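Here the chain labels run A, B, C and D in written order, and each chain numbers its own residues starting at 1.
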């Protein structure tokens, strides 16, 4: 068991945390990658480097074994079956797969699809497209005064026409946790399937797909200590089996005839061509790493930092805090009269890395009446010192831009 | 300029070639990765590790710069414009993008699509799907007696109904080079667009897309010294601009409204979500590496090995050689009376890594009247010693299985 | 000449079964359970037919194409389990799978020629070849026992 | 307190133009070239209007929303190029782009307040902000010169 006092040992695993004075608070965009993950990638790239699945020689067998063991690690991590794990290029790709395969097959004219203005573009746009093509209705859960998805408001839009519910588990701008378990229960009562965007939840909390009973969940490696270019789609096996592949070619077929073809079972029918071998091994190593840290530590560290940060930020005059009741390590704000882009440059001078922009959530920016916000986001390797640096950077930026008032 | 005598220096760049007695002859499946590429991956993963495009801080800017410089490297490598390079998960994904975006938009009932039985499944199956959905005709160029695509036979199937020609540049089983430049010229005369499968050509010879005048070409990083999980679709810019995206979400949009959206220009509209950052940097480093080796060296080394190998293989009794006139470093054969899978296990005992199977080319297996073949495939780092080891392994396997006759 | 590990895999018994397969060829009649399995990657394609009377496997036939390991294993399997009860066959099956995986297995358990597949443990890439016929048997027996096999784990 | 590099980027002149933009607000009339450019990522959105008489830029207006660098640059650009010939404006434009990229540029060339954007070279992430108005100008002048801009390189 990792103890809070071990934080410095944890930081040793990350090159930049060990060797620079970077205050890294852009974790909702990408997390840093620990040495353990880099070692796993190097092992494959250096000592194996070969293709999988069809090689009879030892190296290829070992690569295949590592690739498929990574799938098992993912399955154990989110508590599903081996064959319910589809490797994709990332969360966006996974979310799109649900829409283009399940959605395009099962959504018909007049059907209703529920999403929200809190979504990342990658969660809602695939369904906007399905709705357009299929002449279905895309319906937005009204957000409450805080811009949260609530069960009450969800009930207002759920009807017997609802076929799909596509909602985020944790908002990448507001840091809110959606009451997704209850929503799933309600959706199932009307026979709708639920596609959960887990990009911001899976890295930060224990997500048990069987307990949630979600139909699909999508997430990315690069936000959970893994590499870029790999993500996961979990789907209930019966649903995956009922769906058609969207890419065709090598590795996903049984028999190919000149004018016809039969496909492998899921998950393989969705993994066309040479797989993302290093990426899968990398996300497997990231899961090993997170398991070693443990979600007890991760959650308590992030909640400690959240409280510490909010207490201070609330007291800074001229700071617009958009989510004072955030549930996670994501905090969105603006400095009055200063454009977020200018804030970001000022922070960069202090080596405080945050993100300024619309965070792929333009509809939410409209709700907040902002063109962009500054977002600071923590992970388990951040410390109170990082928060202090953030607060210092805010104060200094305010002071600096005040000079020109 | 690299000289042939430098081969041992080249082999030092590859961990397995330097540190083991592996005879690696499965390059058509995946090439090994040199230290230079691994270093580039490690640089990003260790020293940066952050997301691109929307970060104002230095690290993110550097990552963005490396990512986009990799695109420029690809553009220079195949001689096209920066914005004509779309990064994909691999060649299969790129080939599918042409079919699902261009094909689904422009193919109509009764149109004809030309492909061949020499194709990799990833080249022909996407079009089989388009043909089915759009009620178009999928037409196969008759192969000649050697199982080659010839201009003469291509002319027999080209009509004014031909809208798309999807052909491989180099066969991954027979090693034949398609006379693609002439085919493209003929196809353009009837107004058809040509999607070239460059997975086996781009790693091995100088491919100049402007000189070929192809409309699309697809290839993978992992077959050209780069990492898995990255590939390239080149498309003429006008065609790319005319096509619709197939995945929707972050990073590929301009403006998002609740019921509508506008997209970025190509290539970005095809790169949804967090890009394959490490993968792109990796393929960029692979291109630097190949440029340093130079295609003069690569082509002369492979042709030397081909001649050396064929001379010996032709003289082994009981060896069925399927492509004695191969144009590249790909040789397909079987040992009479021994199943390819058994051959592969025997070779593996001698540390000779080859591939046994249908090589994702079942239609061609039917043409060859084989369920599977053994395939040996070379790259520039192979040596005559590797060929000797292959020949030895063949002889030994024959001898061994003869014991049971 | 030394062929190394190859000799532990390709035993005379195996190659005999490959050249002279037992119980080869399918029979007519719907009193058989019949399962068809395939591994398109390498072209393995196997059908097995099993008759079960009163919990006793009374008849087995097999047919297909593939490499020496998969074809011989089908032949060996057919001989080994004929005359066994379903329960006994499950025991042999489990023991066989453990053996070829290289895990702990009961070397005392009577399993006929199947014991010579021990060498497969050193050729993990051939595990699928050595087990495809046995996996077909598992499906037959699951079906007989009334367990759904439609959602069978790999 | 030291603000380090920040002071080389945010010069008083720049912030003046940000707070008090020159030539702000669009005019009616179709004797203007008009270009609208945007960077949705950060919300920058700029329209410029340019009147060109006999190869001379006689009038410039600009409007939009964005950060201090992009907004001030639009204002500075409008002042700098008014009264210049298209040829002169192209020279200034090229010089400006070289300067903010951190490449060699002609420090002697008269370019008004635009010279204070030198600090951008140390903030490559802000290059787009500093150039969006100038890129709009480039498109206007290309159009005026009869060069197609529909396929304009980034």
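Convention: contacts are C-beta pairs under 8 Å (C-beta built on N, C-alpha and C of every residue); 3 or more make two chains touch, one makes a residue touch a chain.
Keep in mind it's a predicted model, so treat the numbers as computed, not measured.
Enquirer: Counting C-beta pairs in contact, which chain pair has more, A-C or B-C?
Expert: B-C
Enquirer: Rounded to a whole Å, what is the gap between the Cα centroids of chain C and chain D?
Expert: Computed value for the inter-centroid distance: 76 Å.
Enquirer: Counting in whole Å, what is the centre-to-centre distance of chain A and chain B, each centre being its mean C-alpha position?
Expert: Distance between chain centres: 31 Å.
Enquirer: Taking each chain's centre as the mean position of its Cα atoms, how many Å separate chain A from chain C?
Expert: Chain centres of chain A and chain C, defined by C-alpha means, are spaced 44 Å apart.
Enquirer: Chain B to chain C: how many Å between their CA centres?
Expert: A distance of 38 Å separates the two centres.
Enquirer: Counting only residues that touch at least two other chains, what does the list for chain C look like?
Expert: Those would be 40-42, 125-126.
Enquirer: Any chance you could list the residues of chain B touching two or more other chains?
Expert: 54-58, 60, 253, 255, 341, 344-345, 348, 356-357, 362
Enquirer: For the protein chains shown, what form does their contact graph take: line, ring, star, complete or other?
Expert: It is other, because the touches fit no line, ring, star or complete pattern.
Enquirer: Quick one: which chain pairs are touching?
Expert: So, checking each combination of chains, I get A-B, A-C, A-D, B-C, B-D as the touching pairs.
Enquirer: Which of the residues in chain C end up touching chain A in this complex?
Expert: Listed in rising order, the residues of chain C that touch chain A are 38, 40-42, 124-126, 151, 153-154.
Enquirer: In their complex, what parts of chain B are in touch with chain A?
Expert: Its residues touching chain A are 15-16, 22, 24, 26, 29-33, 35, 37-38, 41-42, 45-47, 49-51, 54-60, 89-93, 95-96, 99-100, 117, 120-123, 125-126, 128-129, 131, 138, 140, 220, 222, 227-230, 246-251, 253, 255-261, 272-279, 341, 344-345, 347-348, 352-357, 360, 362-363.
Enquirer: In their shared complex, at which residues does chain A touch chain C?
Expert: The touching residues are 53-58, 60-61, 65, 81-83, 237-238, 253-255.
Enquirer: How about chain A: which of its residues touch chain D in the complex?
Expert: Interface residues on the chain A side: 338-342, 344-346, 348-349, 356-358, 362, 371-372, 396, 399-401, 404.
Enquirer: Show which residues of chain D lie in contact with chain A when the two form their complex.
Expert: For this pair, the touching residues of chain D are 1, 3-6, 9-10, 12, 15-16, 18-19, 40-43, 65-69, 123, 125-126, 129.
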